[in-house]
Amino acid sequence: MINFKNLAFVALATAIMSSGAFAADWTKIRVGTEGAYKPFNFIDANGELQGFDVEIAKALCAEMKADCTLVAQDWDGIIPALLAKKYDVIIASMSITEERMKTVDFTDKYYNTPARFVAKKGGGISDTTPAGLKGKTLGAQSSTTHSSYLEDNYKDSTVKLYATQDEANADLAAGRLDAVLADSVVILDWLGGDGSCCEHVGETFNEPKWFGLGAGMAIRKEDGELKEKLNTALAAILENGTYKKINDKFFPFPVY
Amino acid sequence: MMDLIAQLAWGPTGWGDELAAGTMVTVSLALATLPFGLAIGLLVALGKTSSEKTLQTAANIYTTIFRGLPELLTLLIVYYGGQIVLQRIFALFTDAYVEVNGFVAGMVALGLVFSAFSSEVFASAFKGIPAGQPEAALALGLTRWQALRLVTLPQLIRLSIGGLSNLWLILLKETSLVSVIALNDLLRNTNVAVGFTKQPLFFYSVALLIYLVLSLISAKGLGTIENHVKRGEQRVA
Amino acid sequence: MSETAVRIIEAQSPPPGVVRKWTVSRIAGTALCGVWIAIGIGLVWSLYGAFDPDVFFKYMPRMAEGLLVTTKLVVFSIFFGGLLAIPLALARMSTSVVVRGFAFAYVYIFRGTPILGQMFLLYYGAGQFVDELITLNLWWFFREAYNCVLLTFVLNTTAYQAEIYKTAIESIPRGQREAAETLGLKKGLTFWKITFPQAMITALRPLGNEIILMIKASAVASLVTVFDLMGATKLAFSRTFDFNVYLWAAILYFTIVEVLRRTWDWVETRLTRHLVR
């Protein structure tokens, strides 16, 4: 039975193996992103990936004179897929944290926005310290700096984890959660749309220990050359105004 | 109410075509898993009923493992674990990326579980065939393989069809689990529709209705097959 | 005496032992067992090699917490499902067409649709009607994901258990009921004292199967934020990216199922030892 299984595995794998050894000269780069994190990365009505992260990726690739393809991947499996070589770099608003640096390497940051709680209007939540939120039900997207922060600091509250930010927001709107911790800019986008029920509460959080040094691009540890190229390209677009153009397209304030 | 029904329209405005596409994936996944699961199940059942102790033990370990694990866990292990194993194997030869396709992972995982349960059905069907028949076949000079093919297997279908129909209906429902490995089956497309339209009650009810219709069609079809296969049986008055 | 002298047979060598030949089956069987042993060793090696005491002690308590939630979920749903299943089974066998039809529809719907779909319907559906539920003073129940999942599981297992009990009750010979009637016993008394106890014993085996299926199905609870064993596993994986957490979860689930199966088999054998099988 096992021999058959292994043979089948190998046979099937050969049949479905995607081709192309991506050469070390990095002329073809595959970029992984989530596609469910408006306005940084999302899928529009035509099924295309759009957003700040997507535009930055395209700008960097143009700068590096490389041919880029975008791949969407569910957030929970985004790092394992990078390690399995499904793509070469993650540009999906991933915060640079020590915990993540154990498995992947990061380029320099390309933006930095703080986290903030959001709760229902008139819900009476104003104190967002662990003591103030004792006994409340809090939500965050799983595998994020926000969920780690809640898990490690808000031990007296119930923490619920969701596969996507949208699901957490939906449960907040429905009243299943008392507050959600998420990126303040992403929430701002939601508050303007479906999130009319809710508002920001409390101050912003940005301690590097939990929230890292900002969002960076994740690459495999052995791809030092790619890291160099990305950093150079990033510095270039910051200088020549391309970054500012993309920034202004999405946000009325600088996010760097 | 009418605008709810309108949401099911075909084309870019409605979700009807997405749900239909999802249904196609669900049905094709179940159909693709079936031969894989039946073939392995038969082999495992042969192992279970063989006189060779080591074969019996190996077969029993197989069924114990795959009947004892939650299907969701089996699916995740096959998907993520298979990815890692394949990638390690291929890393020895080439630098290319090997992807375990979600459909294949679903097929393999559900097939393994299906085969474990169907091996039980086949094993009890084997016991239902009087032992004298294969012995007589051997006495007449048929080889073991011929005895199996010409005497046992045709009767096996008749005896196992009841259990297998049950397993098929369970398989149809289990395909809903592949929605967690990002395969666009019926349930996942329903999730997407709900995310956009914010009408969970309506869309999930429609999805469940579709599953019910699939079950009904399957039950009818399997009933016909069962009647055909059992046409020679005498009804005990 | 010499005529009846006993002739002693000299000691002879023992008969030749049974020679187990290396047939194709035997080779295949040994090879397969070898493969299983190899997998087992690989599993232990993988778990041992990646064993990080900090990680282990950081996440094991959460896994244990998740295990407790799974156990509670399964025990309560089987219990309440059982309570609801008996009236439903009786309804399935009722003489009234309406009652029988309703029971049949209920069983058909809950057995013919995936439990994942049922769970999403209840959980997200409740989220859609928050205001109505608040007015009905039921929101406190549907607010908690655990309650929604418990309700789904109860409704689901009621359908399956109703079928089990119906088959079991129908397997009791009609003659017993008729004899009870002749003796002047009321219908209710006949059911509870005569039919039901015997039916329960027949239902033991399929009921054990149902409990095992429930344990396995409970894994889907993690998909709507319930922190069961599967949810704890996903959390551990998302923080450590160590695939071994899934293997630990597999071992835990497998152990629970095996222990339950063997205990149930033992209980069933003991309780049915008076029956001719």
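Order of writing sets the labels: A, B and C. Residues in every chain begin at 1.
Just so we're on the same page, a contact is a pair of C-beta atoms (placed from the backbone, for glycine too) under 8 Å apart; a residue touches a chain by one contact, two chains touch by 3 or more.
In this text the structure is predicted, and so the values were computed from the model without any measurement.
The greatest centre-to-centre distance from chain B, using averaged C-alpha positions, is reached by A.
Two chain pairs are in question, A-C and B-C; the one with more C-beta pairs in contact is B-C.
The distance from the centre of chain A to the centre of chain B, with each centre set as the mean of the Cα atoms, comes to 36 Å. Centre-to-centre spacing of chain A and chain C amounts to 39 Å, using the average Cα coordinate of each chain.
The distance from the centre of chain B to the centre of chain C, each centre being the mean of the chain's C-alpha atoms, comes to 20 Å.
Along chain A, residues 1, 80, 170 each make contact with two or more other chains.
Residue positions of chain B with contacts to 2 or more other chains are 47, 58-59, 62, 80, 84. Multi-chain contact residues of chain C, defined as those touching 2 or more other chains: 32, 35-36, 127-128. The touching residues of chain A, when paired with chain B in their complex, are 1, 4-5, 8-10, 12-13, 16-22, 74, 77, 80, 84-86, 166, 170.
Against chain A, the residues of chain C that register as touching in their complex are 31-32, 35-36, 39, 127-128, 130, 139, 143-145, 225, 231, 234-235, 237-239, 241. Residues of chain B that touch chain A in their complex: 40, 43-44, 47, 58-59, 62, 80, 82-87, 89-90, 94-101, 104, 108, 112, 182, 195. Contact residues of chain A toward chain C in the complex are 1-3, 76, 79-80, 83, 99, 103, 142-143, 147-148, 151, 160-162, 170-171, 174-176. By the touch rule above, chain B contacts chain C in their complex via residues 47, 50-59, 61-62, 64-65, 67-73, 76-77, 80-81, 84, 169, 173-177, 179-180, 187, 190-191, 194, 198-201, 204-205, 207-208, 211-212, 215-216.
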